[in-house]
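Please find the structures below.
Below are two complexes that have subunit A in common, paired first with subunit B and then with subunit C.
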Partner chain A sequence: MKTLHSLPYALLLAAAALFYNAPAHAGWCTLTDTGAPLTTVNPKPFTVPPPSTCLLAPSDLSGYILKASRQANITVSGVKVGDLYDRVYCLGTGTTCDATNTYVIATRVRMAATPVNFPARNPNCPLWSGTSNDCFEINNFFRNIRGTAATPVTADAGYLMGSGSSTGTDPDNSLAVKYVEYVGKTYKGLNQLVPPGTAADRDNTKAMFWNDVNIFDPDGTNSPWSAWLYVRQNCPFGGASDHYTLASFAIKYWQGGEEGQFQTNVQASAYACKTS
Partner chain B sequence: MRWGVLLVGLVVAIVAWILMRDSTTELRQPAARSVDVAAPAPADPEPLVTSNAALDIPTPCEGQPLEIDLGGQHTSACMGTTSIVQNGSVRTYRVDAIGGAARWFRIDASGSKVLSAALGSAAGDEFRCKGSQCKGISIGRHDVQGVRTISLERATVGEQVTVSGTLHTIPEDEIASLACPEQGVRIVTSDSSAQSFCPKGGAGFEVANDGTRTFRFTNLDGESILVELDGEERVKRVAYEGDSTLACKRGECGRVAISPPGGEGERTVTFAGTTLLETTNGERNAVLNGTLVVPAL
Partner chain C sequence: MRAKGIGPITLLAGLAAGAQVAHATGFEKLSKTGEDVLTTCNPSSSAANNTCRVTSLPGVGGYDLVAARSAPLIFNDVTIGTLYEKVWRHHTKPKVYIFGTRVVMNAEPYDSSGAAFNVNDLFRQTLPGKAVSVAYFQDGATKALKKAGRTIQGLNEFEEDEPERNNTWVDFRIDANAAEPSGPSSASSPWVLARTRAPTGIALNALGLRVLSSDVDDILDAVDFYTTSYQPNGVPPPDDDDDEGDDE
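== the complex of A and B ==
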């Protein structure tokens, strides 16, 4: 997995940052419901310009209206290591979702740069571990989706790299440096399965996005912002009230130990479609 | 003849004296034995017994005592202060034994819901339970000082392993990783519960189909304060969603105000004696004081 050590790769990524939306995009990709769970998107070493698989353009979100937006701390061992931007969109007009009940759950994170606790040990980030100087790295994101093992519900995935600066502070105008590598219905991430995985790795209740994020990455390429990660489903439950809810443990961040970090699993509340 | 009688009498008297002497000796023996046990005084007298351990009296626990039953083997443990570590929505409460004993006990919880518990020691033995297996553990609401009581009533943490006792938490606003120095709301309820609400679990807004905008603030226990605005940005409803829901409608809330967007787009909600009633029966109320900030989103 350590494929981004060299300057050429950094240059390629810089070029990617400038021309990330250059290729024709294919738009949403439908996650598989049987067999090996992962869909290959753009694994390392990254292809630049990126393949079109699951790559969205802002126009792919036209017709969607914003229903909910929140920012939450990402807390590990009592230390805030980053911010989650958690949103819900639906197809609709004005403030009203239309009868198609098409909802999008959107995820973006920004890892914190402010050193706290042990600035002398690592001035690049808040240190969350008493025994490690590594900044927290998220390798995989998991979101709760509708569906069960026996009765999967179709889910589409997509991502936007963003725009502007990779060191910006605005979630709507900042750029991810690293691409989404895989997506799929699984609750396993880096060093827990070997892409594309097997049927045993499948979990039809979760959407997984494989996207490395680290403010100070041991692999030499920092990406403080994740891409915008989208999962789209039909969400018919809720009647006249909201068809989504803030649900416990609806998001999971996984640090898989790409450069030998501690494997760490952090679960938190997040938006999800109502399931009944 | 007279001398003969005297001689016989003397012999009888001597025999009788001898017999009586032996008999007296036998009767004395038990007393003599007891004297023998106590009598030999040591050259250096043993000091007076002063420690509870030597008297087999337990030392009073100056921490938080736990009674542990390991498959019928009963032990007591004196645990220190309850430490708290937050990971996402999971809060870990942990106590370690005082005084070198390496026993520890840990509970992972989300709000008042117990997710798992474990009992272990430096010797490596460890017992665990998960979810509904963890019977007998209850995490109470905050008391008037913000302390939560964790009751362990023969809490089952493993097969034939139970823990009993009471643990107390430190108020969240005294824990740096949980406190919000720059914002927060003090919530005091009519049943003498008090807590500092810190929205480290998130802040944002939700838009209903009718256009009603609701600001939602969530703490790390998963509890939310919601402030609902009408189309003219007036507060329409305030609610607190925790183990139960308390709410008030416009005109019945007391003072609550929301600022226009600040320089970075953030908005501040101010509560000053804002009073909410339990929605199910109105028997309990909560008074909110403080400020919460909605970041630019």
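== the complex of A and C ==
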């Protein structure tokens, strides 16, 4: 019943995203370095076609080369609940980044559909909690960025909804159903701050993307894929070697309890620009 | 062996252990109804407080060890400690079991804060209709079992004097941390013991043990995870907490 109810809305959003993303795109948005941290992108209820804020088109990534790419499990309580697609791009040609040291850290996730642990309790996803039958939901993504509280480093954010099907398996040809709602330099997410937040919510060492992802969402609209989430910075450190590294706890996923779920903080290794 | 002579609390505990044998009060029955959920054991880890204390495993005679295991505790892809479990069954009352749990933590940072994982509560599952008694065996740990009760709410997870009752879970309030930011550390928890009935035996449950770290200013900064542990067969799933009668 839930799926039947949600499917037309999901298809509508997917179709809308497919047809309207490119014409409306405005390109990168620069995250603020002082005051309230959040930039409003497209909060629920979603505006379709989406506002142009932070909305990218594939052409916005022209000139960038792929420097690193990995796929990693998203693990909660020892249970794989999804896949992370973690990439590093830079401005350059061939395999060489150019002297501008312009790097993009890219994030996309796909939540798992295969039941694990007590499939009778929920056949739509792996169960990861002893006190809940809900599928794991990511409300906020956080990536390490360069900068400190005293000395922030300019960071630009952007997102792509993707292409193809919302139920696809290819990160380069699958469509997010739900839009990015907010972006900003903070380590707080849903139910930890009230957008746009206050100066006390700011953390200039993190880039936050507010994007609701759930394979079987209690809100009635499933979005197994996140958008592609991009943060761009100047990354000058590393000399002749890579200017990025696989860093511990460089990504955080936050389940903020949008529909009453237990608030859960998961951190894992991910690419980040070298900081020295 | 691992802790003798290391710190003053350990020394006190060790010195007191012999004198406590005759005075340890042993298993305490947890309440199954009413608003008073928590039973106080030894919240200040006092060597003179013997409430809930036993001086050996499993703390009472007449039981045989029927299962034992150890497993890494993994959080955020980091091994933060080791879980030890033992289960004993009564000789002549084969439906009565004692479930024993201990954690031994290490100092590996578990998240971007750089801190070591601090276990404030261990929760394990029991049949909600069956009585539960608890005890602890210090076994070299420098901190005792503070409290226990039939709830899934741990330190700082409730605002009233008592947590919400949930007879499917038994909470053991402890304080295990290999590198406390302030004050003495106790990398090992005591052995915490739950005696209860398992009429159809026991099995491993992939999500049967909850580990909570919640000694934080903002409860939204608390973290927890679930891991495999032994439990009685027939524990109801979430939101299916039916009463089944009352006998231990």
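Here is the rule we use: the second predicted complex is superposed on the first by the 257 of 276 C-alpha atoms of A that agree within 3 Å, B and C clash if a C-alpha of one lies under 4 Å from a C-alpha of the other, contacts with A are read in each partner's own complex, and residues count from 1 in each chain.
As a convention for this text, contacts are C-beta pairs under 8 Å (C-beta built on N, C-alpha and C of every residue); 3 or more make two chains touch, one makes a residue touch a chain.
It should be emphasised that the depicted structure is a prediction, and the values quoted were computed from it without experimental measurement.
For the composite obtained by overlaying on subunit A, subunit B and subunit C cannot both be accommodated without a clash. Looking at the shared chain after the overlay, A:94 reaches subunit B, while subunit C stays out of its contact range. Applying the stated contact rule after C-alpha superposition, one finds that A:66 touches subunit B and leaves subunit C untouched.
Touch criterion met: A:77 reaches subunit B and subunit C at once. When the two complexes are overlaid on their common chain A, residue A:192 makes contact with subunit C while staying clear of subunit B.
Applying the stated contact rule after C-alpha superposition, one finds that A:127 touches subunit C and leaves subunit B untouched. Residues 75-79, 248-249, 266-269 of subunit A contact both subunit B in one complex and subunit C in the other. Every residue of subunit A that touches subunit C in the complex is listed here, in rising order: 75-79, 117-118, 121, 127-133, 144, 191-192, 248-249, 252, 263-269.
The touching residues of subunit A, counted against subunit B in their complex, run 66-80, 84-86, 88, 94-97, 240-242, 246, 248-249, 253, 266-269.
Residues of subunit C that touch subunit A in their complex: 74, 76-77, 109, 111-112, 125, 152, 169, 205-210, 220-221, 223-228, 237-239.
Listed in rising order, the residues of subunit B touching subunit A in the complex are 84-90, 110, 177-178, 200-211, 216, 218, 220, 222, 224, 295, 297.
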